[in-house]
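Quick one: this structure, given as structure tokens, is what I'll be asking you about.
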Amino acid sequence: MKKHKVAVIMGSDSDLKVMEKAVTVLGDLEIDVEVRVLSAHRTPADTVAFVEGLEDRSIRVVIAGAGGAAHLAGVVAAHTTRPVIGVPIASLMPTGMDALLSTVQMPPGIPVATVGVGGAKNAGLLAAQMLALTDKDLHDRIKKHRAGQADQVRAKDAAVQKKLSSQ
Amino acid sequence: MKKHKVAVIMGSDSDLKVMEKAVTVLGDLEIDVEVRVLSAHRTPADTVAFVEGLEDRSIRVVIAGAGGAAHLAGVVAAHTTRPVIGVPIASLMPTGMDALLSTVQMPPGIPVATVGVGGAKNAGLLAAQMLALTDKDLHDRIKKHRAGQADQVRAKDAAVQKKLSSQ
Amino acid sequence: MKKHKVAVIMGSDSDLKVMEKAVTVLGDLEIDVEVRVLSAHRTPADTVAFVEGLEDRSIRVVIAGAGGAAHLAGVVAAHTTRPVIGVPIASLMPTGMDALLSTVQMPPGIPVATVGVGGAKNAGLLAAQMLALTDKDLHDRIKKHRAGQADQVRAKDAAVQKKLSSQ
Amino acid sequence: MKKHKVAVIMGSDSDLKVMEKAVTVLGDLEIDVEVRVLSAHRTPADTVAFVEGLEDRSIRVVIAGAGGAAHLAGVVAAHTTRPVIGVPIASLMPTGMDALLSTVQMPPGIPVATVGVGGAKNAGLLAAQMLALTDKDLHDRIKKHRAGQADQVRAKDAAVQKKLSSQ
Amino acid sequence: MKKHKVAVIMGSDSDLKVMEKAVTVLGDLEIDVEVRVLSAHRTPADTVAFVEGLEDRSIRVVIAGAGGAAHLAGVVAAHTTRPVIGVPIASLMPTGMDALLSTVQMPPGIPVATVGVGGAKNAGLLAAQMLALTDKDLHDRIKKHRAGQADQVRAKDAAVQKKLSSQ
Amino acid sequence: MKKHKVAVIMGSDSDLKVMEKAVTVLGDLEIDVEVRVLSAHRTPADTVAFVEGLEDRSIRVVIAGAGGAAHLAGVVAAHTTRPVIGVPIASLMPTGMDALLSTVQMPPGIPVATVGVGGAKNAGLLAAQMLALTDKDLHDRIKKHRAGQADQVRAKDAAVQKKLSSQ
Amino acid sequence: MKKHKVAVIMGSDSDLKVMEKAVTVLGDLEIDVEVRVLSAHRTPADTVAFVEGLEDRSIRVVIAGAGGAAHLAGVVAAHTTRPVIGVPIASLMPTGMDALLSTVQMPPGIPVATVGVGGAKNAGLLAAQMLALTDKDLHDRIKKHRAGQADQVRAKDAAVQKKLSSQ
Amino acid sequence: MKKHKVAVIMGSDSDLKVMEKAVTVLGDLEIDVEVRVLSAHRTPADTVAFVEGLEDRSIRVVIAGAGGAAHLAGVVAAHTTRPVIGVPIASLMPTGMDALLSTVQMPPGIPVATVGVGGAKNAGLLAAQMLALTDKDLHDRIKKHRAGQADQVRAKDAAVQKKLSSQ
């Protein structure tokens, strides 16, 4: 059986600085990733062709990041029944409100699992959690990753307390 | 030579109460109209097929109305180089801000001519103005329509003045 | 092997009119559902106890709907590594912007898969898509459901065209 | 027959850095352009005089960019029945929301074809698409321009894949 | 010497239900009022003609109310150096945010004195305060009006205290 | 007879960089100005004392600038029936939306003439326009100032046209 | 020793339908309440006089509710060093965003403890929590009240489960 | 009797640059402070353990600062009946609107006393005001602190007047 993969796609290569956080966390969790620059508007046929070939390439979850009138996740979701995760990216508006609303306010019937503005790391984790539904080893790695996060918070807590007490 | 037409499409039949204002004004200006319910997300292939057949059916301008994460105009614009007019419709949010931003904030390269929230009448007029660029008769009808609007404002002005002076 | 289930929880019984759309679509897709009213703020210990018992009751995905400073999905996500879907509900503000931002803007490390304001049906579909990653029968039912949606749009398209041509 | 032209006007010379994107793309498409600084508020009579002389100078489409309470496009639209394209520019507010709403929310009867905040390139393309309605050569140049855009996305796609595979 | 007057103009007769609050308060303060329906976009020449005739008709202050992309106050201000007061009216958006930003965010050099959304009563009072700068009798009437407001608040205070103490 | 003056007050000395634009334009128009730092919240008694002494010092208009929950203009307006102009200043929020709404949304009965975010120059001009209602010389200076603005726009227009034609 | 009291004040009697939730919960917790209608703008001197007399009447906490440019809580906070709780009320804007920002964005040095839009019940509870800092009996009543809330959620949880299982 | 303390907690050590303003003002007022980094989402059990131990460590008020979907204050408030003060911090969105709404829009029954975006100094003052309800010495120190603020405003007033008169 082929190992399941996650696709990380983005509307422009300028989105890579945000989206590589998804690639990194998926790599840390030992999940194979396919990265593509695909534009819902400038290369719509390439985007649809990519979605129609998902199953054959063992891709089970798609993470799509885009800014402005961010349609990429919605276009992918319209062509597959696999889970699609949308990452709104602040580009045209500094708040990213345009990308957030364009990604999350999908019509009934075609869901996009939306994370926060610039939230590519969470998109990667969410994809991993989905794949872990029937992959106990992956689920254990996710739990370990989360425990590591808690340890980091505790280390920062200790550092802040030390810093303030020494003032 | 076939007469040029305008397509008026919408994402849901519940959008008709807004979009019929475009149909009406186009009819008043003696422009042939084709009306369709096409969903960017629920019937994406139908939508693309519709766009690919535009030229053959003498459609030169498309007016697309949608609410929420309103991608319909953008999807059409991605598949044609004919002018596409977007009508944001207030549905999921009472302000229509989600539909407005999803329609207007298109990436460089793929324009959507956006009108105000619920502004279907203006969409119809804009389409007519485009077709009138080389149709002097239509341009004359548009000028007459606009003069009629001015007359309506003047009639209201007279009515308000009469009403207040009689108080 | 026990069948996997989805939990649909909400912060108040007044949220039920929105959240029952998730229950309905999950029922249509033959997925077992557990429904609970649990408040992140008024019954926090009950909420954590519920999350800690998820695995034992074969719950694999949680859908959490809440309004205002909507913390319910985030609290659940903080206590489990199973996927959590958040449904922002318009209550204190008519736009639901408060619930949307409180649900979607999660910090790096703890994802919540957010759907649109009031988007409980999409939350149900998203949960189903996740469970379908390794359940081919369910995946087939989802595809059939989606095809049904397309047929509904086509029926509305035909109805609108008929209505307008008869005018 | 005189060649049709596009006017690119702006409320202040500080808007030029945005608006020159319209000038550039129109030049690339071999369309003659007339550029003016005209203020709806500080030189209203000049602005109206400019609009009233449009036809004589073979200008068929006007692109108007402005920030803040951006009235320029609306003022032009009030005085001509030729298509007017509005470009909201972020100046007084970093989001440009003031300019967007002032440009797009026109009353019924006087349309402004609005593009995204800072979207001057799309304004230029939209004007070209309008002129191309009866200019097959121009339409061919637009299609070629768009194909070029798709190629750029594909080149970036290849570059990103190469970059990530070499890490 | 002719008595100074205030003009109360509005973009549509549907704005009268808001704007008549300005008319009423000006009447209460014994200030002559001229009321007009004038559209910045549909009757721009009428609007400019009106402004150019202000001085001859002894109008010293203009109150202009409009909704959506509310340009009326700005257009008037562009053609006169007399004070112009803008009243944003909620019409296309229920919050009136579009009208507020279109009215208040004027460029440097052309001020519009903006009141709150729907704040026509305050616009009337503000016009009166301006005229009272050199009209002591009017200033006394304004002070009396304001004292009356304070008395109303005190009466409501007493009523609320009585109501609650009797429960 | 004493010459009428304008007071320019601000909530903090950090607002001076915005508010000095009002001082400058009033100076250009030869209007005497009194500048004060007065906090509605930190020196409320000083602020009220200042307002109660306005008449004695021949101050006829007050311009008040403040950021955040900008109450300064409202507090002044509550204590005088002379015209009060509010200048919202972007400080706590980069859009200045908090200061704008806190300044403009006054309750019926107590008007504040609000200008745009950071619009201190317009506040100065507005104050001058009010004083000019019965000061013909000042009115002439204002008209000259405005004509100068138009000339500046025309010079920029010429410069932009020259720049683009030389490319 | 006199028993400490809480004042509940509001800018208009129309705010009573919101503010009476504070009165009710304070009554349930056996805390003496003084209710007043006081306008920061229409009766500013009365408001200041009220604040200056707080100590003599054993009032230790003030709850102030207002809409629009909601200055009431800020004005009270400017004149006392006792805790002031602000309740933003949706009136001029349906979202209440104007009242929220006007209440919460206070400058450094003068705090207002702000609750959610319309959140008068929470304002009452917060005042009680403050008084309970050195009143063990009151603290016990608050804990009991909170336990009651949890029981209500549990009862609704049971009712919803019963309702759904019987379908 | 043990001296009462205030806890200042934050969701991340990057919040310290904002939150140290609370620590500083509490120190100036001679109030003991406990500072912790605790994440509502990454270390939820630590957070609850911290809250459950509040009473034993003589902590009577908690100040909680967080950004994005800022749940920290709400989580603390859900587990204690002591007053909780929330400080929204601008992080994911430059306006901090996400943190503000996530903190302030709490459901009825669980109050969070919210200060402005980044308003940690006010949070510290508010906590002090609460503790001062039965600590006359502290109340005197707070009054002195506030008088000092007024003096600073007066000094700035003098400096600005001097600066402008010397120009």
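Some observations on this one:
Every chain is named by a letter (A, B, C, D, E, F, G and H) in the order it is written, and numbering of its residues begins at 1.
Everything below uses one rule, namely that a residue touches a chain if its C-beta (ideal position, glycine included) is under 8 Å from a C-beta of that chain, and two chains touch if they have at least 3 such contacts.
Computed from a predicted structure; not experimentally measured.
Shared contact partners of chain C and chain G comprise H.
At the interface between chain F and chain H, two copies of one sequence, fewer than half of the residue numbers in use appear on both sides, so the contact is built from largely different positions.
Rotation angle relating chain A to chain F: 180°, from a CA superposition, given to the nearest 5.
Centroids of chain B and chain G (each the mean of its C-alpha atoms) stand 48 Å apart. Between chain D and chain G, the centres computed from C-alpha atoms are 51 Å apart. Centre to centre, using the average C-alpha position, chain A and chain G are separated by 42 Å.
The centroid of the Cα atoms in chain F and the matching centroid in chain G are 35 Å apart. Residue positions of chain B with contacts to 2 or more other chains are 12, 39, 42, 68-69, 92-95, 97, 104-106, 109-110, 112, 116-117, 146, 149. Contacting chain pairs in the structure are A-B, A-C, A-D, A-H, B-C, B-D, B-E, C-G, C-H, D-E, D-F, E-F, E-G, F-G, F-H, G-H.
Residue ranges of chain E in contact with chain B, taken from their complex: 12-13, 16, 23, 35-39, 42-43, 46, 68-69, 92-95, 97. Listed in rising order, the residues of chain H touching chain G in the complex are 4, 21, 60-61, 81-83, 85, 100, 104-106, 108-117, 119, 121-123, 125-126, 129-134, 139, 142-143, 146, 149. Chain B makes touch with chain E in their complex at residues 94-97, 116-118, 146, 149-150, 152-154, 156-157, 159-161, 164. Chain D makes touch with chain E in their complex at residues 11-12, 39-42, 44, 48, 67-69, 71, 74-75, 77-79, 92-93, 97-99, 101-107, 109-110, 112.
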